[in-house]
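In what follows, chain A forms one complex with chain B and a second complex with chain C.
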Partner chain A sequence: MDKKADLTPMMKPRSVAIIGASRDPHKVGNVILQNYISAGYEGKLYPVNLNANEVLGYKAYKSILDIKEAVDLAVIAIPAPAVPGALEQCGKAKVRSAVVVSGGFAEVGEVELQDKITEIAEKYKIAMVGPNCLGVMDMRSKVDTLFLPTKKISKPKVGFVSFVSQSGAVGSTVLDVIAGEGIGLSKFISYGNAAYIDEVDILEYLMNDPETKVIVLYIEGIKRGKEFVELARKITKIKPVVVLKAGRTSAGTAAAHSHTASLAGDYAVQEAIFRQFGFTVANDISELLYYAKIFASEVKPKGNRVGVITNGGGAGVITADEIGSSKHLRMAEYSPSVKKSLRRIMPSLVNITNPLDLAGDADAGRYMDAMNALGSDPEVDMLLVIILYQTPGADPGVTREVIQKKITLSKPLLVVTVGTDYTLRQAKLLEDGGVPVYDSPISAVSSLEALFEYAEYKKRH
Partner chain B sequence: MDKKADLTPMMKPRSVAIIGASRDPHKVGNVILQNYISAGYEGKLYPVNLNANEVLGYKAYKSILDIKEAVDLAVIAIPAPAVPGALEQCGKAKVRSAVVVSGGFAEVGEVELQDKITEIAEKYKIAMVGPNCLGVMDMRSKVDTLFLPTKKISKPKVGFVSFVSQSGAVGSTVLDVIAGEGIGLSKFISYGNAAYIDEVDILEYLMNDPETKVIVLYIEGIKRGKEFVELARKITKIKPVVVLKAGRTSAGTAAAHSHTASLAGDYAVQEAIFRQFGFTVANDISELLYYAKIFASEVKPKGNRVGVITNGGGAGVITADEIGSSKHLRMAEYSPSVKKSLRRIMPSLVNITNPLDLAGDADAGRYMDAMNALGSDPEVDMLLVIILYQTPGADPGVTREVIQKKITLSKPLLVVTVGTDYTLRQAKLLEDGGVPVYDSPISAVSSLEALFEYAEYKKRH
Partner chain C sequence: MPLLDYMLAKKLLEKYKIRSVDSKYVESADDAVRFSAGGKIVLKLLSDKALHKTKAGLVKLGLKGEGEIRAAYGDLSRRGKSLRPYKILAQKMAEGGVEIIIGGNTDRQFGKMLLVGLGGIYVETFKDVQLRLCPITKADAEDMLFGLESRKIITYDGKAEEEVVELLLKVSKMFTENKRIVELDLNPVIIRQGSYDAVDIRIIV
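Showing the complex of A and B:
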């Protein structure tokens, strides 16, 4: 691997210096240090502050050069004009990586200032992320350079999805929703203006990272097209990549330039490349999350035939429509023996068709019988289970049965459920139990389709 | 109006008989009576029960013929084979309307039994809804024939959206979500197999109902195509109609037939008709709700130019993309005087472009300044305000400013916000304050487009 792309010192640092660590709780440098402390980071912490001897109980240093031990990561949170000097000192102190959270560079026209820090990073081979970024997070090493008020953002659980976002605000929003959706996170990298480390470097690192099984990517521009394409060819043979590329239209392109000084390029070409190399393409933050969720569940479908179980006929019809109008999926035709056994165990009001409408009084036992039958049917490749908790029979018992089935089933299984308080509590239990939950047939069917498309892509390559 | 279509006795009954009112709390007839009592219905209640003298504190009658006063509405919740007899007695007792919630008719092949009750309804001119339906609800008269466990469904607030659903389960799910989304409800009608009163009758009633300003429709089949088209032509000149037609594909059509015995017909033809007459077409329950929400806000756009305000650059870019790739909307170009005044009041880091990226530290004051400027700009027809509450400056003060602005602004204004706990609390406050809130740029932009398309349709007709 190219040395530039090795982000290990950043994600797994033994020591972190925070340049601009402040005693003022409203300052970014204070929030970052506090986050390290709260997260329980076990390496060494060195606040760097010109005017203080101590910050938050840690000995403070006037300059990074005063720290005698080796520093793996420097987080730089000082005004833009002071960044080149601080970075130069990092180079002299042999700091291996840096996250520059400060804004005030190319995104506001300060191109020269940005070029200067790029040169310094290159000269000293500092793996520098930023400037104008939110920074990085590693759920296992407890690295957390994010300067975000913790009360406003839920913390995700530890998992295997890594999320790369050029934008800080999209990044923090997605982080919050990843937590809310019960998706397990491995690493988070917000890389802002990409003055040195860019999406190609980050993707290369994550491609080889054993703690990352799904890569989710939000980008506004691609700087090194050729290298990106070369990497794209390799990466999806190893793990799925879900991408949201902003700047698809001329209106969006203009906005992207003003945001992270990105040249968004011709989206039609880019999307064609994404699809050619098996990327899953999202058009919205919500789609990004839907796809991340299904890939995180890590079960590959053998084919495109979906069995739908429902306790609401109408929801079954809408789902059948979505499957019918999808590009690749189709409604499964149950095998004769499964039909026969379903007919025997189901009440006479239940028609043995796909969708299998268990009726409004369906309870845990009926769901269990249906999932067992379709789960073992070789003619069914994936299970889409609709639970309308508003109906009388749908209760926590149904939730438990679905979680149980998900554990043993070797086919993809997801749940669609729509509603407020009662429903949301059950949805949370399902997600904690490892079941991907969707709030509409459209999103569920698109997600199964993405899963199928990627499985087919891997078969061909 | 055709007498058959007059649903006034059903929606505003002075007296209700519940045939099958049971003392057993697990029986549908008990739940329905209990719901009337809990809702605070002020008319007269008559339980009809062969074996009891009293149900839930009300005197019970052996037959509807034993009730000496006039009955406006009979709710029938007894086994299917007993329904024709009970309905015949309703006719003799001059009951004006009936809701048959019982299932076991055409949807399970009992076509003759269904034909029988249709004949009886016709003979006595009883406005009969059902069978195999969830029934009706009127938020003002407190009619509520729904047999749903109240702990599982949130109750919507009183408003002007009426929701018509052929399916009971979709109906109850949407009811629950309408409450969760803060949409005000006027009437709910679930009409099941449509043996007598069908979607045409219901739409005709709602078209003339002053308590209904938006009609939301979930249907699986249209029985009287010619009458439907005639009505469609008239209805959208008066009020907006949002429609979700299940059974769009052959897979869905098959499922619809098994669900409510509907013949779904050729969807391409139907969709063309819907669009020709200015219906807003949804493909999913979630879309149905998005559209209902924007129409419920009751502000019409003068044009198609959207001004976007954001505190997250990336979310602004995604939104610009959505607007750029929409059929009719476009990004507003601010007038020179507004640009000038924005340049004067905004911090230098804020680029005066559309989207107007107020930056991650934007607070209530900056949002207020931005909304005031774009709100008064004649070059801006609609405001799409993105609030990422994960950023440091976005707090309840921003929420308050948006609610204030919404009250005085004569242009459509909606909010996009994405997140978990903290964000959801702010979203709820916004909705209680009358601001439509969306959880993705895609849904927000589609909703503004629907609003614009309908405004244009009305201009032309």
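Showing the complex of A and C:
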């Protein structure tokens, strides 16, 4: 694959110029500069503004050409008709990458204007993302071209999930929810119209990025089918990719000549290709997050047998049903020695079955014993722990035990918990402690299944 | 887009060891009776002017005995007068079993895609199909079958499963190697007693 331009200067810039950095706090360019300052970005910042000598305390430049030092990234937030001129100047100034946040290009029919900036990016080999995008964010280098007021969006913690979104709106929503779900973020790239850098370039960069261990992708259309396939083949051998593809309901081709042609619509074809090359396909934003969360926990299952621990009988049965009706998973059968030792430790009211119902009075000690037993049982590949905090014994002690166990356990472990204030506080503690938490057996089971399917894919390909 | 002549299409399938029902162009009622050799046959009128054979009454199923065959042949040749040039294809009747569809389509972005699903009258209703980009691997073929809701109907025994996996690999190979094929339908393919036969073949080049 021919490399258009490296994205490293964009994600790890030593210097950033903001073209259109206005003094007016309501303007996008001002918000972006403000965000860089409040995020604590440590490189050099150069506001570019025709009508000001200083913006937010930084010396302003009339043109990018006036900046004497090298600029790694230019963020362009000016009206569309002025973008080609500004980008041309970036080229002359040897700026290595650019994010064009401005709208007003192909998305409103201004195809020629867009073609013009594509040509300029090609000519100067500027890694250009956009136009019409939110831009990029790197949690480690503190690059943040997003023009979202920080008080309206929660900032995720630093982690290893990178999120790529064609749409800016879906991007900012997911970003907010990622923070709320306790998923650690590495990079965020919203690429808008993909006039130059597209999903293939971005995925290739993330494939080789050591700070990215899980890729989450929201995509509306694929531009270069053949190159996408070539990359898809390689990428899932290295790290998991969770994808949400819009356009499920788009009408199939009208000129279908055969059954096959009418059944192989654009969406069906793309979904098939995602599955063929081991992508995890999500049907909506919540699934996207469920899957991202389980993959972020970075533990691979050895098999498909699930051990369920619960302090509520009903929740255990619902979970067992869900596992029973899943495509790949099944309920584990404990090994005889584990059964025997469980029988010895557990009070007589606890039946040694799967689900293992620890009863309503189960406390931290009983959870610990159960997790230790199933954790060491070679017949159990994954642990699904249900904690109903409404019961008397379930307290922060249980939360602590689960977090402890998760650290040492080499099998996937997740928690299902349902409730309001008290429960949500415990769920937050669990997530901060690295334990994936789900609010329903359905989402938990389908996430374990996604994890298993990916592990199988890697084994077979 | 021209349809490949039926017997040429059948020959191409044979080259890839893909089985299809015994078929022959017949020139006369006598010819058709001889072909039947006492068994049940199907007569089809093939013409570029008639795209929907079944709808136009150009397919005669389950013909048994000289009387039925002669009558059907006579009817088809009368209808054929307005559809010249045409040919009448005689095929041995495949009965029983489960009908599946195997197809190929060229996606404008990704290229050649292979499809499998429950066939016959269910194709359009349930749309229970699996697609993969060609060429497929054995693991892909197995995943395709596993991904079908109707997998238990199609592969009711282990032998049938193996057969279909092999068949998918052969069709993928044929589709991939013959650059000129843009679209194909083997619909239905009848699976029975651990074996299969392609009954209708459409290859568009």
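Just so it is clear, the second predicted complex is superposed on the first by the 442 of 461 C-alpha atoms of A that agree within 3 Å, B and C clash if a C-alpha of one lies under 4 Å from a C-alpha of the other, contacts with A are read in each partner's own complex, and residues count from 1 in each chain.
Basically, a contact is a pair of C-beta atoms (placed from the backbone, for glycine too) under 8 Å apart; a residue touches a chain by one contact, two chains touch by 3 or more.
Bear in mind the structure is a predicted one, so any value in this text is a computation, not a measurement.
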| item | value |
| --- | --- |
| Contacts of A:461 with chain B and chain C, given as first, second, both or neither | second |
| Contacts of A:316 with chain B and chain C, given as first, second, both or neither | first |
| Chain A residues touched by each partner, larger count belonging to chain B or chain C | B |
| Chain B versus chain C as contact partner of A:365, first or second or both or neither | neither |
| Which superposed partner A:276 touches (first chain B, second chain C, both, neither) | second |
| Contacts of A:169 with chain B and chain C, given as first, second, both or neither | first |
| First, second, both or neither for A:153, with chain B first and chain C second | first |
| Chain B versus chain C as contact partner of A:389, first or second or both or neither | first |
| Set intersection of chain A contacts, chain C complex versus chain B complex | 258-260 |
| Touching residues (chain side chain C, partner chain A) in the complex | 1, 101, 103-105, 107, 109-111, 113, 115, 117, 123-124, 127, 129-133, 136-137, 139-140, 143, 146-147, 183-185, 187, 202, 204 |
| Partner chain C, residues of chain A touching it in the complex | 222, 225-226, 228-229, 257-261, 263-264, 266, 268-269, 272-273, 275-276, 327, 460-461 |
| Touching residues (chain side chain B, partner chain A) in the complex | 103-104, 108, 147-149, 151-154, 165-173, 175-177, 179-180, 218, 220, 244, 246-252, 254-256, 258-260, 283-287, 311-318, 320-325, 330-331, 348-349, 351, 353-355, 357, 360, 388-392, 394, 418-423, 439-443 |
